[in-house]
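The two complexes that follow have subunit A in common; it is paired with subunit B in the first and with subunit C in the second.
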Partner chain A sequence: MISTSAEHPTRRLDDVIHQRVRFGILAVLTEADRADFQFLKERLGLTDGNLSRHLQVLAEAGFVAVTKTFEGRRPRTWVRATSTGRSGFNNHLVALQEIIDQTKAGTK
Partner chain B sequence: MVSDARDMRAVARRELDAHGWQWYIVWAIVCGGASLSAFTHVFAWYWLIAAPLGIVATIVVCAREDQRTGVQRDPRPYWWVGGAITVINFASSALLPGRTVVVVIWVVFGFGFVAFAWLDHQPTIAALFAALAIAIGLSGPIVPDTLTLYVVAGLVYAATMVGVAVGIRSMGTAR
Partner chain C sequence: MISTSAEHPTRRLDDVIHQRVRFGILAVLTEADRADFQFLKERLGLTDGNLSRHLQVLAEAGFVAVTKTFEGRRPRTWVRATSTGRSGFNNHLVALQEIIDQTKAGTK
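Let's turn to the complex of A and B:
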């Protein structure tokens, strides 16, 4: 789908989502209902500190909700994409796809 | 970046799909038990006990697997399908004549399993259960003995679900 409006799709890209790690986190969370910290860390190949920092950015933007639970004495952190996060990620993907389509159309 | 998103979603989906085998064992036991109950005095009230137990067991095994793997799928669509199967089957057993109920119960279960397999992104398994449900529905008017139809249908579902569970599990461990 190619945008017919004057606005270029890059204007609809979200800077918070566009970062590679945060984009990966939201990609996982829009497929699953929720995932735990360890799962995200292993699948995305991140350190604890790195993942925490990116989750904090996403949570402050309202894109994810973080819940801490306890299994016995062991703490466990679950992360879920909010409805804002899901729609933001999907809109971001659409904008990216439009950029790809426009670029391909321009090179033909 | 778009293909990155596709890859990451596929990773999450594979993990979720790989732990979708245990509920098949639960319902293989429930369906097999239904067939065996036909020869006992339990027959009349089997589903009143087995259906809630099967639902509770399914919730428990799925929750345990979610905890173990650290990734969980949205349970709400599964609740809707499970609720629909339960309501239709209990309503049909109250409203329809015995012979029809026998066929309806298994056909409803079959299409319920189609919906569950579809939610688990398993179109081949969904097609398999659709074929079984249609075959049972069509054999209803042909097979003269209602009890035989009930027993055979239950055993066929049970055997199919064991096969499906083994298949999903072996594919999951192969990854």
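Let's turn to the complex of A and C:
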């Protein structure tokens, strides 16, 4: 049993970002400039409803911006991470890296 | 926009393990041999109800084992990660590390 009762780094993780589907959306959008709805759906294995619901949570938090364009008469929905979203996601990865390193050190 | 539509590694993340509170519980239990209920509660900043609920989900998945002991007349609840829980959590960290490294490479 470890002796410290200090706050655990998982307490710094943002639930809006950490949730698995939203974590995936932000990971894809951090790798890419922008992605369209169909691409996100296929890459993350989501239904329309599930992706829409999580995009709404991310948009309300200011982490993504959604824009609609038309290619001819075909509508296309584009999603990109905002700068707040990018920095929030990067901070999240820093916290996760800390937890990974701490766990590795603890099990050595 | 990236060209591949291959499956994203977040699809390999187990929701039982990934959820922030349960991720924290497993992180603490992987660092320690075992932890008591009170310690987990304080370190993770949880209420009794919240910790109990998430421990039940982890126990039902076979990831933690809960035992009750008495110290004199005072009951104490101990929690430890099972070997399934430890290997599940370690695999989870491997997937997270892959996502972190992939994101870093993509933003270079």
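In this text, the second predicted complex is superposed on the first by the 100 of 108 C-alpha atoms of A that agree within 3 Å, B and C clash if a C-alpha of one lies under 4 Å from a C-alpha of the other, contacts with A are read in each partner's own complex, and residues count from 1 in each chain.
Just so we're on the same page, a residue touches a chain if its C-beta (ideal position, glycine included) is under 8 Å from a C-beta of that chain, and two chains touch if they have at least 3 such contacts.
The structure presented is a predicted model; accordingly, all values stated were derived computationally and were not measured.
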| item | value |
| --- | --- |
| Contacts of A:Asp15 with subunit B and subunit C, given as first, second, both or neither | second |
| Which superposed partner A:Val57 touches (first subunit B, second subunit C, both, neither) | neither |
| First, second, both or neither for A:Arg43, with subunit B first and subunit C second | both |
| Partner chain in contact with A:Ala35 - subunit B first, subunit C second, else both or neither | both |
| First, second, both or neither for A:Gln97, with subunit B first and subunit C second | both |
| Of subunit B and subunit C, the chain that contacts the larger number of subunit A residues | C |
| Which superposed partner A:Ala27 touches (first subunit B, second subunit C, both, neither) | both |
| Subunit B versus subunit C as contact partner of A:Glu71, first or second or both or neither | first |
| Subunit B and subunit C footprints on subunit A, overlapping residues | 20, 23-24, 27-28, 30-36, 39, 43-44, 93, 96-97, 100 |
| Complex interface listing, subunit A residues touching subunit B | 20, 23-24, 27-28, 30-39, 43-44, 71, 78, 93, 96-97, 100 |
| Residues of subunit B that touch subunit A when the two form their complex | 1-2, 4-5, 8-9, 11-13, 15-16, 67, 69-75 |
| Residues of subunit C defined as touching subunit A within the complex | 1-2, 5-8, 10-11, 13, 15, 18-21, 23-24, 27-28, 30-35, 39, 42-45, 89, 93, 96-97, 99-100, 102-103, 106-107 |
